[in-house]
Structure formats: structure tokens, C-alpha cells
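My structure is below; once you've seen it, I'll send some questions.
Going by the order they are written in, the chains are A, B, C and D; count residues from 1 in each one.
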């Protein structure tokens, strides 16, 4: 039976422009550059509007991969899905996770479902569609297409959906105005939250976590509507959503398993343990299993409290609340995982409950 | 048998100047203001040189307590040991912990050791003695005196030693110079670390954790020398060390138990669990026990790594490493404790191993 | 002829809690505490939501002045108008300016108008009135009352109007909701801008700079509507506006003159020079005149440019734009004034044109 | 008479990776890429250890220029002197200044000295030579060589010396240790100041501003020793000093004039005016002259005061003092120059007096 093989490589970086680790694995033949599907990274910027470490990392990777793929740097950026999350506060450690995919023969003895990866993208959006039901509906379609691509049929087998989505710029707002349409916001910064939120709601709709009748006015308001597996990130370089689905499939011959849980708040240690245990890790790990990476979203709870005690993240004029949240949730996850090289990202609108967020774990089976 | 009773009250604050919680407990008779021995607080400043939330909190408490004690605010500050630790990054929640002590009859049925508290102080130091062996030796003596005061004889019964120690100002440096003496540093900021470090080494000497022959040049250099229970904090308002010993004693009739562990690095979750379990808490808490508070020290590991992975705390020009460290370690401890109202403080020179720190837990027995 | 005498004392502070300078001037008889009308200060916090240096400074001043006035600290806060502006970025130097007023005989030989000060306050506002026309209209009335109090009849004689105005808290928003009314915003932070903006528009209406038919929807939108002399600051401790008018009056026997200009952008050096020259200072100061203080408002221009060149203040996630703006405008004004002990405050909605702000200068005549 | 022509192009950037302005000027033929000698830039990072906008900008420029020069990006970095100064606080605007040089016929009618540019570099330093007399002496030699290269003989004709110098890394410190040598410091951050300081002293020695017998222990201590025209910047990518001399020469046929002054403190407006006037600009500019750019160094005065008033830059744990200083001095210079697109850089050890710094102005003559 022909199936898919997936490779996952976590590579530490010495700085946002450092590509030496990946290049050396390509040089040694460990990674086939043509099989690279996506690269998710944590870079050491502030994760805010003026965090240039993200685009610097993407530029460095594209420039380095271009000759290996016989493409221009621009074409590399089109071919591979790059998702860079800025902010390695506290014990978080800068690194990239490289996902590859290739055809493979599924070994005869292999039983059970294994980690599979699928990708899809929506059509380009009009600026006025961002943060509204059009983005939700189209994203839901793309999530289903990516599930197909990954060979996943049961929504319960989807454990993490990473989405890259557009944002508004003043040019885009004006283009909408010129057509007589109004965008959901005129602020670039706010549009990032709207786009992330609508994309996450699209995941929820696709997986049946949310009824399909989400309205425009629910976005960034009805925080009781959320996906338990969505992780969304907005960027200026595209006008469509790129959807990466990670889940479990019989069609995969990979040596990886994936599971997830949902943190109900920023100190939900049992949820992290539960995610670890879902892939045979945790306090008493099964033999022959090793942690590859953890993917989680974090945010300062909007009501100003964590389990009844006031936090000060939202009132701090010196440090943005997203940096606080990544540092704290990163500290907890790193403590339970035993490593700071984990992917903890901020901005969790409709991604898990308010103040909480999804946490997915990938284990390698030997 | 006449013994000592200890009261411990954790009170949330709405801001650094908020004394309403404590005042209301005094008003209701729950706290007798004349029995207050020490107040340890977490305030929501940056924990750095220009963190005025600490002195504001102390000023507000002294002003409020003055009429209750029939003293001037200045006399209140002399009578009660105030230790304010700035920085409630991430999920950490601003609060104060009030320690009271009074004579009491030990109930006949009471078995085992209970939490006891003792205080002592050194003589005033000369500026040139700070950060050097004189401070180490005198602190060691004061620790022993505070153990006596607490009714503790065995160093193994000491679980947390909080010290408030002086720092150098330009006036103090000049006073030393005028006598022909040189201080260990001329920088106020550096002197805080020297004073904290020497004070922690004094605890180590007193408890036999370190041989008594510590030399001047070992301070802030020989990080293999450390105390497992010291927590030190420097302040401008005094020239001597104030020593508060928390431990277990047969002479105490309090309803509290205390235990501790040492985090070997900033992600040492098992150490936190071990500290919790030492007082009957942890994953499966004993019935009739409830967490009062956790006291821990945190720091960015000086070698730039946590368990083999690079951290970026020491190179961040936007956020000081102490804020990063408190956020991360605070996130871990809050996750394991189930609350962000814990005392996690920065600046852990010779307090636990490099990059780690002591963690003590107090439980109430019902 | 009985007139008013005004005293103005600029006092450097060593920290937000330092009252020693003022107390020593009271001790020496230089300042009569019963004559203190208002204290404007620059404190060394971040000027943001969590800047506690402002309330700490007010608390310290009230506690220190209470015994001198035979009042409780709370009553002192009611009697004297305290306006603390947080943020002494760059070369700005922490200080307070104390304004006193008393009856006096106007010397026979005195010709021309001299600096006069007047105060008034509005009625308490309902939460839903903040940031809307009710606040504008009532403020305009209070400005006229304060002009009367100062003995000023011609709006052209008004050079600086400092206003302290309320903000919304969640309790206040809920109180409005309970009455079936909606507040202009539910965010405390945003309400500060709305309240400052409506108050500034009220000044503009009172002085005829703006037509009286300002609508609710103009606040924080029609930035072409502004006052050239308003400086407004919102605080949590009151529900009405306190208005302080500084201007020129024949009824004043003071030894001070005041003038002003409007900076059209953050680098408008000629406007600063013009303000200095309006009171006989500037490049060639008139003999017998000395600078007392400069009062100015600064902000990052909302369109992201200063005279055609992009600035980065609004996209900086590490430093708030108000800190950037105070540092830059403070650097310019301090350079032209020859001292960093000047009052430059952030948040200039409807106070001068977008990106600019009013600048007033007080000189002492000998 | 064959002489040198110099081109100076100030190009605004939309972000650290933006090369579009320069590329378009190369595309239109306005700039010949082979004539580019040096590029000085202001990038919008924090200017601290983790400011990656500097290396990102250099990487983007090298990648873009490589095909135009028929070189690899690495070779471009060797050929052109890139000096990126991070930090565009306040009104400072991100931009690059491109310096070109080519042979030219000096027009017959041209009288007087014109702006000339010369370059030279020292030999590679051993790690233990950085921050010490070897670096001072070799830099002094290179300054003289760069003066020769620029056709300048009189030190009084030198108006700005920009130097790029090495710093220590842990590898370099260890290499020195392995040879039995000790470096001046083991901290990378401190080594930047030492290297900048020694390089600036080298300029002072070359120009006769300082006696040649500067000792190792004078570096970063004897702040009365300084150059009035040095601007130094340390970077990790080299082990030698690159020296760029800007001055006035009869051998130059350029359409530019350069002059300078020294700010004695951070609010020295007259010095800025004097520098402007030295090239015919200032309050009453000569006709046919236009400002090209201003180059200045800024720092927080180490004694904590500016003209007798306390500043808070050195105690601010939230914002580094270099950011404060650039914002304030940038605000003053931009105000006097009428534009925020000026080069104001931090870290002014031995570059001008303590708390002050050099300020050079280039004007174009039409």
C-alpha cells in the first residue's frame, strides 16, 4: 500500500538569520530540500508589529534554499509554507521545525494511525472579507481540503491546524473604500486579530466544533465560540489563507504520533500533561517514545484574572501582554516537557477558550 | 507547655498602595496588628532600579498601620520587617503575606514539628564590608540567632531564610573612600548583587552547606557555593542585615508546615513537585491540607542555556533578564500550584545553583 | 487697588515620594502652605496605565501637607489640584511646580498685564457623559468661570488651561448600563483619551477657537478641531473636571508673565522660540527676565510621518509612543530652554493640531 | 587637474529589509553601484545586543547589490563599508546614506575646499589587543592613511571619522586565554564599549587632540580625553578597524561641504546651530545651500545630571539609556534641522565630552 511518509526536524538556531543547521542537514542528505512542505519557527523578536526577526528569518531561509531548489528566493517563499512566530521570552529557545512529506510504502507490520500532514489554501480574499464570514466559510472549506490531502476523514483525528492568514494595510483599506466597501477595521494591528479570529472560527466550523452559522459580529466578541486545535498567525505577504493540518491517519507511514489537549487557562498544567500522555509521554513515558515538539497558543486572559487572582499583563505599558503570556505559558510547558525548545505562540483569539489555548504534542516512535 | 503560635495571611492587593485587605482583617479582629512580625510582598513594578512600587507599598502600609500601633510611620518601618519584591510578570499576582507571632499554649494532642518563625539582625556594616567576608560572617551569626529565636536547633529544619540587606550609594562609597577604604564596587546596582550574594553565603555557612572559609573573591564568582534555602533582597533603607528564618520546630503550636526543595534550573518541575509533596501537597494532596504560599527565587542561567538549549534572556535589551526569569519560573510554579498568587523573586546569586534557586512551600493543616 | 498675587515655585524631586524640597520651603517660610492652589508635577514613571509614580507622588504630598494644613490627607487632595504627568524620558527632569495665590496690593508703578491663575470645576459627570458633548459644554462653562476667577476677560489673554478630568472604570460602565445608557467606550484606557479630547474641545469652545456645535462623533475624529492652549490629563480619582486657567490680567500683581505658541509638529523649533520670545526670553533675552517653566503637550503624529519622513513611534511594541514623543519633544524644548526641568506631557488629543501641541512659557520679572 | 568626486545620497527606507530606494536609483543610473564606498544607515531596532535590524539591513543590501557588482553577497560585504546604527527613537526616521567616490576633473572655477572621503583599515587585532593601546595606536595610523586617501593634510580639515571596530565573543576570549593572554573584559557587551572607546582615542591621537601616550587604564576612565570628530561603532563581523574620514580638501571636486561642532551636553542647541552655520545653514541659510544630513553621537551623561538637573536615563530598567539619549538628542537636532532623517547614534565613549558628542553637518551647494 502506497502511503505518505512525513519527516519532522527540530533545528536550533543561533539567531534569526541562522540557516546553518538546516543547510548542514541538507548537505548531509538527512533532509531532502524538495520534500520540505512547511517550516514553523520561533524567532527571538518581540512578536509585535515591529518584530523584523520573522521576515529576516524567512528571507534568510529562502535565500539559502533557493539554489538547492533551483528557484528564486521569491519562488521558494511561494512553495514552502513559512510560519514564524516571534517571541522567545523566558526559557523559550529559538528554533525551527521543518516538515517534509514524500511518498512511501507503508510497512506491513505497521498498525494504527500515524501523524499525517496536509495542506490547502483558500482563494484570495477581498480586503473587506477579512475578519468576516467569507473568511470563516472559505477557511472551513480549505481545512476540509487539507484533511483530504492528509488522508484524514474523522475530525477527531485532527490535532493541530496551523493557519497563515492576511492582514489589512492602508492600501488594502483604500482599495475597499474605492469599491464602496468598508473593511472590518482600518487599523493594521486590529486587522491581525480579526483575521486570526475568523480563521480560527473557520477551523471550528470545519471540524464541527462550532455551528456553521457564525455571524460577522461574533468575531472577537463571542469568545465562547472557539476551536480546540486552531493556531492562526497573520502576515502581510499574502491575501489568502494557507492551512496546514496535522493529524492521525492510517494512510501515513510516518514514525510520529500526535495528540492534543486544551488549556482552559494559562496555568492549566493537567492539560499539558494530558497532551503529553496522549502520545505516550508524560510522567511515565512509554519506552521507545521521544518528544519532538509541542505547539501551543497563549494569551493573557481578557478578564484580568487567572483562577480568581488578578494578573497585571494587560495594564503593563512596558511589556506587551503577548510577551508576558508566552513567557509564563512557555515556562510551564518547558517545565513539564523538560525543554525550552517548544513552539508557544501568542494571540489566541477563538483558539481555545478565553485565556487558554490549544496544546499539541508530537512524539517520535523508534 | 508554652509555645509560639504563628499566623500567616495571604492578602491580594489591588495596587501597590492598596492596604484595604489588611486593614479589613485588622478591623474584623482576624489579625492583631501588634503581633505582625514581617510582611513579604509581590508588587507590580519592574523589579529594577526604578521600581518605586516597593517603597510606595511600604509607605502605604506604614502609614496605615501607624495609628493601629500607636507609632509614627517611621517607627512602624523599624518594628516590622517589610520585604517587597517587585515584578509580577506573566501570571504572578500582586499580594502580601503577613506573618504574625504570639505566645500560645501548645495543644496536648499536637505531635511533630510545626512551622516556626524567628528573626535577628546583624550589626550595622561599614560600606566596605558589604559583599565581603565580614557580611558573610555576621550574617551567619544572625542566622543562628534567628534559629534560636524560632526554637530551631537542627539546620535541617530550616526551610527558608529571607534576608534584607543593604546596598551601596555614592554617599556610602565616598564615606569609605574618606577613611581610605575601598568598597567592593562603586556601582549601586552591582552592590545589590554583592550584598545579596554575601548574605546568601552567610546563610550557607550558618547551616553548614558551605565551609566557613569563604573568601572575598568567591562572592559572585564561585557559583558552586550556595545555600539551598536562602532568599536575599537588598534595599537602600538599612545598613544591617535583617534575617527571617522559617523552619520546623517542636516549640511551635502553629497550624502550618513548611518544606523546601532546590530547583536545579528554571524548568525543574520535579523540584517544585517535591517541595509541594514535602508538606503533603502535590499531585495527590493529603486531606486537610491547603496551600498557603510558595517562596522561590529565579534567575536566567548565566551560561545562556537551559538544559542545552539557548535562552535569550541575557541579550534582551528591551526586557531585563530578571523579568523574563520571574515570568517563566512563575508560570511553572503557578501551574503546579494552581495559583498565580505565589512569591517568585529575582536575583538568585548564591541562592541555589546557577540558573536555579530554592523553592519553599507552606501548607495549612486543618 | 486690591489684586491677586501669584507665587510659582519649581522644585526638583529626588524620586516620586520625595517631598523634602517643598517641605523645606514651607519650613523656611518661603511658601505658605495655605496659599497653595495647585501642584503640577513630572514624575519618573512610564506615563501609562501602570504608572504608579503619579499616585505615589500625590499620596506623599498629601501626607506631608496634611499636618501643615490641619487636614487629613484625603482633605488635602480635595483642596489642592494635583496634576501629575508621568514620564521623564530623555533629558526631562523630575520636578513639581507649586502655584500659590493670595490677596495683594498691586504696586502703584506696575503697568501691563501679569500672570494670573484661576480655578473652577464642573458638576460631576455621569459615566455616559464622558467623551461627549455634555463634557464639552460643561467644561466650556468651567473655563469661563476660571477666567472670571483669574480676572481675565479677553480669551486672547488665556495662555494655558490645565484640566484634570475623569475616566471610565468597569464599575462606572456598569452603572451606566444599569440605567440603560451606553458609555462612549468600555475600555478604561480608551476612555482616558475620550475624556481628554472632550475636555480640550470644551476649552476650544469657551475661548472661541471652535464653534460651539461640536458633536459627539467629532471627539477623537475631527482633529482639525482643537484648542491652542488646552492641556488635559485624566485621572481615576474624580468624576468632574478641574480647570486651571493661566493667563494675563491687569488684576494680578504677580512678578510673572506668561505667553504661548502652538507647535505644528513635534520638531517645530520656531514655535518654541516664539513662545519663549513672547515673554522676553529666546535667543536674546530681555534683561531682568528668567525662565520659570515651560508647559507643553507632545504626541506621535497619527499619520506616521513628521514633515514627510516616516517615524516609528506608533509601531514600536517595546516603547509606547507617548514615551517616544515626550523624549523627542522634551529634548527639543530642553535644548532651546537650556534646562530639562520642563513640563512636557503626552496625550495631546484636540490639544493643538495632530502631531503638534501647545507650548506655554512662564518668565519671572525682577 | 584630476581630482575626486564624491556623491552622497540619503535614501528613506520602509523597513530594515527595504532596498527599493537604492535599487531604483541604481536602475535609473543616478547611482553607479561600482562607485559605492560606504553606506551608513539608521535602522529601526533597539540599538542593543539583540538588535537584528542592523544585520538584516546589511544582508538585504548585500543580496541586492551582489548581481549589480558581479560579486557574491559575502564579497559585497567585504568591498563596501556598511555601518548600521540601530535605534530611530522619537522623531528619528529610518534611512541610509550612500557615499560614492570616483575620479573627476575639478572644474576650473571651483575655489576652496570641498567634502572629500577617504578610507583605510588597520591590521586584524588579537582579542587581547581590543580596548587597549594596540588598538589606539593602530587606529591612529589608519586615520592618517584615510586622511591621505581623502587628500587631507591638515587635521583641522577632518570633520567626521566614522569607525567600525570589532568586539569580543566568548570564542575570542577563549582563544586569548589559550595563548595565556587576558582580554580587557570577558563580556561581549562591555567589549563593545572598550573597542569603541579605544578607537575614538585613536582618532584623537591621530588628529593631535590627545597626546599619544594614552595608557590602557585610561580607556573608559579618563573621559576628559576625547576626540571631537570620532564616531565609532562595534560589530561582530570583523577583527580589524575600518576607518572612514570625512573632511575638506582642495583635491575634491564634490558639490558638498562639511563642518562640525561638539555638543558639550545633550541639550547643547548652540553647538548644533554652530555646526549648521559652519556650512552656511542655520537660522539664515545662505542661498544655494541645502542640508544633506547630520551625523551625531549621543549618550546619557554618566554623572546622572544635565546642566544641574537630574535625568533618569541610567536608572530606567524598562528603556536602555542609549534609546533615551538618541530620542532626546534626535529631537533637538531634528528640530533645529527641520527633519528627522538624521543620523544620531548612541554609545559615545571618548567621542566628545562625557554626556555630549560630536555633530557634523553636510550641505550640498548648487
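Everything below uses one rule, namely that a residue touches a chain if its C-beta (ideal position, glycine included) is under 8 Å from a C-beta of that chain, and two chains touch if they have at least 3 such contacts.
Since the model is a prediction, treat every value here as computed from it, not as a measurement.
Centroid analysis (C-alpha atoms only) places C farthest from chain A. Measuring from the averaged C-alpha position of chain C to that of chain D gives a distance of 40 Å. Distance between chain A and chain D, defined via averaged C-alpha coordinates, is recorded as 42 Å.
Looking at chain B, residues 44, 46, 50, 312, 318 sit in touch with two or more other chains. Chain contacts here are complete: no pair of chains fails to touch. Within the complex formed with chain A, the residues of chain B that make contact are 12, 14, 44, 46, 88-95, 266-269, 272, 306-313, 318-319, 323-325, 327-332, 334-336, 338-341. Every residue of chain B that touches chain D in the complex is listed here, in rising order: 46-51, 312, 315-318, 320.
Residues 15-17, 44-45, 50, 52-53, 55-56, 59-60, 63, 318 of chain C are the ones touching chain B in the complex.
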